[in-house]
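Each of the next two complexes has chain A plus one other chain: chain B in the first, chain C in the second.
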Partner chain A sequence: MAFSIFHISNDELHKLYEDIIKNNETYAPVEHSGDYKFKKVNSLKECNTDAPIKTTASVKPLFFPQTSAIMHYSEDAKGIKIDDPKEDVLTHKKVILGVKHCDARGMQVLDSVAKWDWQDEDWIKRRENTVIFSTLCVTPENTCFCTSLDYDVKTTDAYDVLVVNDGQKKLLKVCTEKGEQFLEPYTGVLTKLNGEGDAKLKAEFTKFKNAFHLKMDYKEVNAKLQGAFENDGWDFESARCVSCSACAFVCPTCHCFKISDEKVRDKGVRYKSYDSCNQKYFTLMAGGHNPRTQKYRRWRQRGMHKFVYYKERFGVNLCVGCGRCTVKCPVNISIFEVVNNVANNI
Partner chain B sequence: MEVLLKPEICTIQEVIQETPDVKTFRLKFKDDSIMDKFTWNPGQFVEFSIIGSGECTFCIASSSTRKGTFDCSIKKAGLITADIHNLLDVGSEIGIRGPYGNWFPFEEIKGQNLLYIGGGIGLAPLRSLIQYTLDNRKDYKDITILYGARTSADMVYKKEIEEWKKMEDVNVILTIDKQEDLWFDNVGVVPKILEEKVHPDLSCTKVITCGPPIMIKYTLMSLDKMGFAPKDVITTLEMRMQCGLGKCGRCNIGSTYVCKDGPVFTYEQMKKLPDEF
Partner chain C sequence: MNYSKQIQDIAVRLFTENKIDVFVGYRKNVGDDNQTPFIFKNPALCDKLVFTEKSTHNLTNYLTNETTKSKKVGLVVKGCDSRSLNLLLTEGQVKRDNLYIIGVSCDGCVDEKNEKEARCIACVMQSPVIYNEMLGIEKEKKTYTIDADLLKLKHMSLTERADFFTEMFSNCIRCNACRQSCPLCYCDKCVIDQDSSLYHNGANTTSNAGMALMTWYLHLAGRCVDCRNCERACPQNLPLHLLHKQNEMVIYENFQNHQAGMYEKDRGAFYKYNLSDPDDFIM
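Let's look at the complex of A and B:
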């Protein structure tokens, strides 16, 4: 189904954003000492929907919170009582503004793991109830490589509405039915473009694509990595890793979690929280057996899961090329370099 | 997801001290209607939790043909299992989620000779299938159970093994690693006894094995030597798990989720997995 492309003036777009913020629970990048974070906003002044750099953490916590309670319980002489949940927060409708397309793609990629076999209802409900407004980056950062992967930034429908700069105006591209329905009340301020819209977008995308510093041949890297399990490049590349897991926590697509219990006297909570394959205890079994004791084995799992296993299982590449892990790594390990070096280390 | 991760409360009906560090817990759901609906296939596992301590993965060690309760045999090995041993007794309430995972192909192996090879606590997952095949005895041909442990005191299900020994249509071979006083059975590690004492008909025998990694490694080598085809050897893999639903990513080996695609694999399937062990 083809969706429309519109023109909108900057002023009108601001008004539209203001209106959205007024009527919906809205999240957008908010600046704090030069970094950006997705926060709930009450007016457009608080946030920057065209943030020049990506947010420190991805948009993932809005769909998959860092910690979320599974159940609260209490214990007395009669036994254990599990409390009933009070309110279903998942039904809250949300709008997120200024999502970079790598982030949006990350969420789309994670749909596969949430929807195979057992259905992750929480994830699905949060996804369904959220409208994503994406802004095309003006210039990519040095760590970005989203255009080198297995998705096309130009045609992806990972976001519902895309906003692109076009001189003094903005191009607004509707990408999903959800986006179309959401924009219906605002059609008055939108000027529908016919053929010329596509051409304009294409020009912007080409400009964007050419600005990239990091480029790789995804197909080749993927093919080479498939046979790279025994490659000693993993050992070399992971040598300086300090196993801090910062990469996993800022990554839009890392989705491993753990389940923990915290109980004080007779009341407690069981919750799920982020975990990472970079941690030694991740696969440690009772009795001491651990298949991934060495760092290179853990990095191999990380690299291979992102670039080979997930693609093999679900048909999409897990890494979306946002480069956050590289920015936050204390020893400057870049996943782009790791997979390229391992693939070419034959 | 969070809903799927919520356990149901079970009450412990009976605790059997199998060995100095293994206890079998006989469990029943507090809510009878859940117990009636609860059904599983041999080889599947549950998430067993002490509310307040945490969750662990254990296979169900009994067969669904013996309804009303189910068993989990637990070795004291880590943090939570120590709590399980120290804190739980008859009447204690625990949480159970499940059953999860795939199961032994009990339909496909009908009409075949079965050779069970167990080591130590590894007899627990096999016991589920052993009970199932004994309860449906006419569907299967010869049943041989080869079981080894470090010492005679480390053997689990001693009473049940005695019963199996008395059955005319079950061949039980027991072994311990070193000679002890008053031990009149075999002495030696499992692969050695396997090669010496078992003479299976390769054309119609399925091997089902579980045990410590080192035993599995040498047993698979012996089975190879004896001429078994990798597709006729079935085992269950051990891997750390957390959710059991194919989401948390902990049990990944390559693109395989051990909790969903396993834990039961044939040796043929195992050979195709990346060599993480």
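Let's look at the complex of A and C:
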């Protein structure tokens, strides 16, 4: 189904954003200590809808927070009582501006595991009630490789509306039914384009794709990695890894979590927080066995999960090529470099 | 400052003479002109080694990493790094006989913007305090100074300082990059990660971040050499050095000008006792 492509001036786009912010619970990248994080905003001045990917945190915490209280309970003479669930602010209807495509695709990729053998109701509701605006990146960083993977920024429906540069103006490409309906009330200030919209978009996307520093043949790498389990490249490439969790915590698609209980006297909270397979004791089992005490096994798991296993199971690659892991790793380990070097080490 | 060729030659020699199993040095990043730790066993890779003012990472962290444990290691250290090495030796984490230490008398490192790092401007020990061979000319030890950031912290009231650090803790995501990058944090299972810890239940909350960072601060007392591996590692840009510089200042002022790892067999500020130590605070 062909969705609309609109033309809008820069000024009108700012007014559109301001109107969205006034009438909807809106999140956008807000600067803090040199990095941008998605926070609720009350005006366009507070945020940057075009923040650079290298310093912009993922939008994942708005769907799967760093820490969330999943249960409150109390204990009295009669026993333990589970309190009524508290309001989940993240399930409110909301709009997110300035989401990177890789990030939006990351959320879409995680939909697969959230709707798999157990329905993650929190995730599903938060996703359903969100409209995503994405701005086409003009200059990819030297750590980006989204165009080398198994999705096309031009045709994906991971975001609802894509904002693309067009000289002194902007193009608004609607990508979903939700986006079409959302922009309905604004059609007064939007000029709907017919055939010429596609041509302009094609030119911008070609320019975007050609600007990439990192390129790889995804199909070839994925095929070669299928047989890479015993490859000694994992050990060499992961030698300088310090087994922290920085990469997993900034990644838009990492979704492992741990559950912990905090009880003070008669009241308790059960928390769900980020966890990571990088940590030495991640796979420690009751009884004491730990299949991944060695670092290369943990890194192999990471690389294979991101580029092989998830694709096998759900048909979509888990890594979306945002490069944040490389930027934030204490020793700049690049997953792009690792999987390509291992694939070529056969 | 460029000792790349000398270090390459030494590494080749060490492998040829069978003196080492693995070499820990620096190499250039693939995507930009920053550097990254380079750990390898194949002598054919020695020509990738570099050493310039961009070689800022403290490599002694890898001496307690499984990549080098129980192996014979060739290692590059600057002044600051050699101090943490002294402590690792004193604390029994690595055997001196297993190490071949190339100590570089450092002129200071630069950050990603090519500006000289604040810690290097205030450096007290540019030359290595322990080594098998030294590159560069030995430089004199300099006086300890307190910089503007730290003075500001010192003059804050208790509530102002509490607010400052609470803000820092609230931005912590508990990724442990700082702890894992710190050469002197080498416990196999950190007290914070113990399953039945009463102090920390595992959730990534602000109070748990505070607990973790404060515990780390106390455990590093008299041991931190200001290598800034932690701050460079932090994905949230937390000013972690302020936490430890504050501690360094307290130790310096109260423990007879003690500075971490300045000489071999340095036993730190806390784990040595002298009959003349003041004990007017002991009841």
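The rule we apply is simple: the second predicted complex is superposed on the first by the 334 of 346 C-alpha atoms of A that agree within 3 Å, B and C clash if a C-alpha of one lies under 4 Å from a C-alpha of the other, contacts with A are read in each partner's own complex, and residues count from 1 in each chain.
Quick note on the criterion: contacts are C-beta pairs under 8 Å (C-beta built on N, C-alpha and C of every residue); 3 or more make two chains touch, one makes a residue touch a chain.
Small disclaimer: the values here were computed from a predicted structure and weren't measured.
In the three-chain model built by superposing on chain A, chain B and chain C fit together without any clash.
Look at A:82: by the touch rule set out above, it reaches chain B but stays clear of chain C. In the superposition on chain A, A:301 contacts chain B only, with no contact to chain C. By the touch criterion stated above, A:73 is placed in contact with chain B alone, chain C being left untouched. Of the two partner chains placed by the overlay, only chain B lies in contact with A:283; chain C stays clear of it.
Residue contacts after overlaying the shared chain place A:292 against chain B, while chain C stays out of touching range.
In the superposition on chain A, contact of A:117 is made with chain B only, not with chain C. Shared-chain residue A:236: touches chain C; no touch with chain B. Once the two complexes are laid over each other on the shared chain, residue contacts for A:53 go to neither chain B nor chain C. Contacts of A:260 after superposition on the shared chain: both chain B and chain C are touched. No C-alpha atom of chain B lies closer than 6 Å to one of chain C in the superposed arrangement.
Shared contact residues on chain A (touching chain B in one structure, chain C in the other): 258, 260-261. Against chain A, in their complex, chain C makes its touches with residues 29-32, 34, 36-40, 57, 61-62, 65-67, 171, 173-177, 179-181, 188-189, 193, 201-205, 229, 232-233, 235-238.
Here chain A touches chain B in the complex through residues 68-71, 73, 75, 79-80, 82, 113-114, 116-118, 120-123, 229-230, 255-261, 263, 268, 270, 272, 275, 277, 282-287, 289, 291-292, 297, 301, 304-305, 308-310, 312-313, going by the rule given at the top.
Only residues 32-35, 66-67, 142-143, 213-214, 236, 239-240, 242-246, 248-250, 258, 260-262, 271, 273-274, 276, 279-281, 294-295, 326, 328, 330-332, 334, 337 of chain A touch chain C when the two sit together in their complex.
Chain B meets chain A in the complex at residues 1-6, 9, 30, 49, 51-56, 75, 77-81, 93, 95, 213, 238-240, 242-243, 245-250, 252-255, 260, 274-277.
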